[in-house]
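Read through the structures below before going on.
First chain A sits with chain B, and in the next complex the same chain sits with chain C.
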Partner chain A sequence: MTVDYASALVAAVFFAAAPLMLAALGETVSERGGVINLSMDGTVLFAAMAAFAVARGCGNPWLGLLAGAGAGAAIALILAVFGLFLGASELAVGFVLTLFCRELAYFMGHGVARQPGPDLGSLSVPGLSDIPFLGQALFGQSPVVLLSLAALGLVWWFLARTRPGLVLRAVGESPRAAASRGVAVRRVQLLCCLAGGALAGCAGGLYSLSVKPGWGHPQGCEGAGWIALAIVIFGGWKPVRVAFGALFFAAIQVAGIALQDALPGLSGALFQIAPFPVMILTLLAVNLRRSTAFREAARRVPLLGRLMPRSAGGAPGAIAGALDKGF
Partner chain B sequence: MTRRAAPLVRAAWALAAAFAVTLGILLAAGAPPFATLAVMAEGGLGSQAAALRTLAAFTPLLLCGAALCVTFAANLWNIGVEGQITMGAIFAQGCLRAADPAGGLPAGLDLALGLAASALGGLVWALLAGMLRTHGRVHEIFSGLGLNFVAMGVSLWLILGPWKRPGMASMSGTETLDQALWLPALGGRPMSMVGPILAVAAFVGAAWLLRRTFFGLTLAAVRQNALAATRLGLRPGLRILAAMGICGALAGLAGGILVAGLYHRLIPSISGNYGYTAILAVLLASGSLLALPAACLFFAVLTVGSVQLPLSLSLDSSLAGVLQGVLVLTLFAARRLRPLSRRREP
Partner chain C sequence: MDVVLSHIVKRFGQLIANDDVSLTLEAGRIHGLLGENGAGKSTLMKVLCGQLSPEAGEIVVDGAAHARLTPDAAAALGIGMLPQDPLDFPPLRVWENFALGGGPVLTRREARSRLEAVCSRMGFCLRPDVPVADLTVAERQHLELARLFDRDVRLLILDEPTSGISPAQKRTLFAVLRAFVSDGRRLVALVTHKLTEARELCDAVAILRHGRLAGSFAAPFDTQDVLTAMFGAEVAATATAAPPPPPEPLGLGTPVLRAANLVIADDKAVLRDVSLEVHPGEIVGLAGISGGGQEALLRGLAGIARSVAGELAIGGRDLAGRPATDFLAAGVHYLPAARMEEGLFPGLSLLDHVRLAFPDKRREARAIFAERCVGRFRLTNTPNARADALSGGNQQRLLLSLIPDDTRLLLADNPTRGLDAASIAQIWDHFRERAAAGAAVVFFSEDLDELLAQAGRVLVFFNRDMAADLPAASLDPGLVGDLMTGRSTAAANGGGSAP
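Right, the complex of A and B next:
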């Protein structure tokens, strides 16, 4: 394997990871505020359709991306109205929204299916893209990668370093405590849900305008939203780890494509589903590591102790056990 | 308003709201709204052939609906039904293509074995998800969804690989089964009546299990308070596995009926979204066992009716899923939209 080939693979991983990272960061923001947005998969798909249709209509892909973000926020608004203000089960509404948005995207997108349209193109930052190995991957290929890294920085800075971020985390950890400190809990949750939806909508736009350009009845990004949901748990609700999770799953996708050339005997369908068993296995490993049984075993066997999670971590208090439960 | 009438009033509100939202969506998509709905009704109920197709879609929906009632009774979000149908279909096809219609066992026994194998396939797939939940702390939403994709991959691999038609692999499915191994059909129609009968029997059985047996009571105990159920020695983990197993067996049976009674071969994505649609039907029936068959029938009409849309109006057939989703969402809203007397605790 030459250096060129390796750096091309790394570039492909960052490119494929960009929308996954945005969707997973969106869900992170939402869940850190205590709102589980299970509609990710439908949101990404519907936003992909909306972004492509608008970009094709106006001829400007950036307007399309904006429309995708708007569509994602609109779906999140439906979830928030049902979950926060009507008191319906967030999981049930989110799941119905996933199915509904997927079908709605296919229905509304029928007219623009298999049509040519604009895409976000490529972008090269002069100077930075000449950095050996990583320069081309990060700064030399597409605005998509830069966008995902910017979102990562922004979400991390917002959650970890700003006052509103602290309020959001407080609401997610303990809505009651936050309410008694005078925080308008539902308004904060509404805002974080909307922001998360908008980020997921951007992810949809990145799919249809750059990573898997175009729209069709299978668009090609089906299931990505579910992977993003799993990445949030995998990354322990922490933005930087979530970003690494997105890179990990993108690497599996890229490895599948690379192996397909090397092992032509295996069907392409098998490589397309590879991320899903890996998703189950990573959740298994992560959740077992956080379990009480493992903690007790680690106390007795010193070698296991090295695998112990260093911080308590885990889900924000308001949603603890909702998606990572056991007995 | 009497207490008995309240759900009906809510359903009427939900229907009216769903109708309004649907009109909005159709107008936004530039489709003639009333012509579209007429095409769907005509395609689902308009002729004897259409009614039979609706019945063919109703069968797996009712089976999966009954299956999902069992897992919902244990408070499980079992969205892996789609994969359990697929696994059932794979097991049935594997069993039936190995059967020798000419000699050996009588054809009826072959078929019974095939359907039993399909139930086993669904059971295995559901238990896998259940054990990931009880022993691996993986939420059933993720294990179910992941296993759906895995089952789809396995069926595609079988169709294009080991079970491909002699000469050429084709996305239209494996080779058709011997006619002796089809579920018996009346008067030369493609669809068998054995499927609907089995589905109704399974539904009645599930209703009896949940409402009239000790097992049903323990599931309710696990749903309402898992900790108390543990203290009572009800072993929630075991109950959850049992509920998943029953659900998987019924869903697998639906897959077996699709193979032996309708398609007579394994085709790609044989589960045809029935698993997801059944979840919506159960949510629409909102826990009422009586309302479930009606919800399944209504969704079957929508699903079958929408198949005509691409041909006659060049619309996408996913309109059925849109309508189903709108209906469930408006019902959620109708159930919750009361004057703000009972505020949710923050």
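Right, the complex of A and C next:
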């Protein structure tokens, strides 16, 4: 395997991971504030349609991306109004929204299906793209990769370093304590839900305008939202870990394609199915420390404990009840 | 600052928590708000600090009347509360909790420097980068106080601040409170169900009973008057009487419980190297600050937390490493501190609880309920009621009535927490009955006075280690408090002997 080939594979991983990373980061922001947005998959698909339609209509892919973000925020607004202010279950509303958005996207996008349209094109940062090995992957192929990395930096910085980020985390850990300190809890949750929806909407735009360009039935990004939801949980609600999760999932998908070329004897379907169980098993290993059986074993064989990665930590307090088994 | 609560009414559904309560709080004084659990003290204070809106009445602060306050408005007026269960953000760091103090959020640099300033002024020691989840109860209290002092609180409300802290930590807290009101402009409202604390600290007390103001007294106050106002004449008589002495062990034959070099792995903590014998008829109290290891011991002895090394025999049966069902079969029963969360099934009926507890007598459940739960344990509810409709006292009565009579070892984690005086008396009478019948009782109570009054022997825990094993004769609150906070060791005092 040549260096060029390996570097091309790495570039493919970053490219495929970009929208996944955006969607997962969006859900991270939402859940760190205490709102579980289960409409992710529908949001990504609907935003993909909206972004492509607008980009095609006005000929500018960046306006299309903006429209995707707007569509994502609008769907999040529906969830927030029902879940936060009208007392409906945000889980139930989220599920139904997913199905609703999917059907609506196919219906509304019928006119632009299988039509040509603009895309975000490629981009090469002079100088940086000449860095050996990673330069091409990060700075030499598409604005999509830079966008996803910028979002990662921004989300990490916002949550860890800014005062509004601190308020958001506080609300997600204990809404009651936050309210007792004068924080307008519902408003904070509304904002983080909208921001999360907008990021997921961007993810949809990245799919239809760059990663899987065009619109159709199917578009090709179906299921990405569900994967993003899983990545957030397994990444322990930490932006950097979540980003690694997205890269990892993209990596096993790319590896599947690469292996398919190398091993033509095996069925192609195998390589399409394989990433999912591999994902589950790997993420299980990452969070092994949470399992009682593992802690037992590590007590007997201390080496095991030292080999395993540190646990990512638990769910934000406000949503722990919905996600942890509690025993 | 003067604060007047005027004709406050607060209802929760059918329950009237505050029924036309009027109270005047003057600057420069420490006001006590006394009453037994469920009397409406906390509700009244939550109304005062804006966490609850009253249905009627008004809050007058320095002459300005408010129909209700929000947490923001109360903070702006200088009213701050230290709630009974810390209302903070455990996964966040100390400085982050401090920065979110109400009002504008502080930057990292501001928060750190102001935290350091307050701590040095008050004599607190708090490391800014530690997650709050890793702090002790006393340290969390210090953090909350530091936050309130920094935001220039003028009326400081404390709800049962001494539960879970040691006598020495209590003295520090009281000194801080006295210094706080000494300038004559600020004031403290102390919510407590302990008369001794009110006598020690307060300049005036108001007493709530069943949601109504039952009396107010200025220091020095007459104990009997206050108790009568708190409990009514009959209960007050029994409350002042000293509890009967703890029973003697029934003989040093076979121990009910024998542990040697036992290692217990609980969810959060590992308790190492416990060696211990408990005999029939003993009532053993466990002392320690929350997380000191005593909860892990109870859960380990109940078989809920696993024993990973050492020996554990109950009634002569070797149970180390066995599943919890074997412990139940050996006659071990456990009363958890979180009664509703760990002891009961909130959505099931009381009758279902009886059926689950006595599976081979399912058909007689109604009879058992009438005879046992209602007849013997004076549970006051109907068999078809859901468990989550029970009051705290009735929850504990139900749990006790489900424990079979042939129990050898009864383990109880804070059995009287949050209960009213009549229920507390009933629980201790019941434990003494069980001990007299040959069972052994091992319990943990955060209330050191209760612990020392009821236990015939006290095991002190510090830092997930059994620090001392003290017989009743050598029990002294100061010594036990120092041992459980690590200020002294058993060897240094010669007060007891660790086995």
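We take it that the second predicted complex is superposed on the first by the 293 of 327 C-alpha atoms of A that agree within 3 Å, B and C clash if a C-alpha of one lies under 4 Å from a C-alpha of the other, contacts with A are read in each partner's own complex, and residues count from 1 in each chain.
In this section, a contact is a pair of C-beta atoms (placed from the backbone, for glycine too) under 8 Å apart; a residue touches a chain by one contact, two chains touch by 3 or more.
This is a predicted model, so every value here is computed, not measured.
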item: Chain B versus chain C as contact partner of A:181, first or second or both or neither; value: second
item: Chain A: partner with more touched residues, chain B or chain C; value: B
item: Which of chain B and chain C A:317 touches, first, second, both or neither; value: second
item: Chain B versus chain C as contact partner of A:166, first or second or both or neither; value: second
item: Residues of chain A contacting chain B in one complex and chain C in the other; value: 176, 179
item: Chain C residues within the chain A interface of the complex; value: 49, 51, 70-72, 75, 81, 83, 87-92, 96, 99-103, 105-108, 265, 306, 308
item: Chain A-touching residues of chain B, taken from the complex the two chains share; value: 25, 28-30, 77, 79, 132-134, 136-139, 141-143, 145-147, 149-150, 152-153, 156-157, 160-161, 226, 230, 236-237, 276, 279-280, 283, 314-316, 318-322, 324-326, 328-329, 332-333, 335-337, 342, 344-346
item: Interface residues, chain A side, partner chain B - complex; value: 38, 78, 82, 84, 86-88, 91-93, 95-97, 99-104, 106-111, 113, 175-176, 179, 185-186, 217, 223, 226, 229-230, 233, 267, 269-270, 272-273, 276-277, 279-280, 283-284, 287-288, 290-291, 323-327
item: Of all residues in chain A, those that touch chain C in their complex; value: 161, 163-164, 166-167, 169-170, 173-174, 176-183, 295-296, 299, 313-314, 316-317
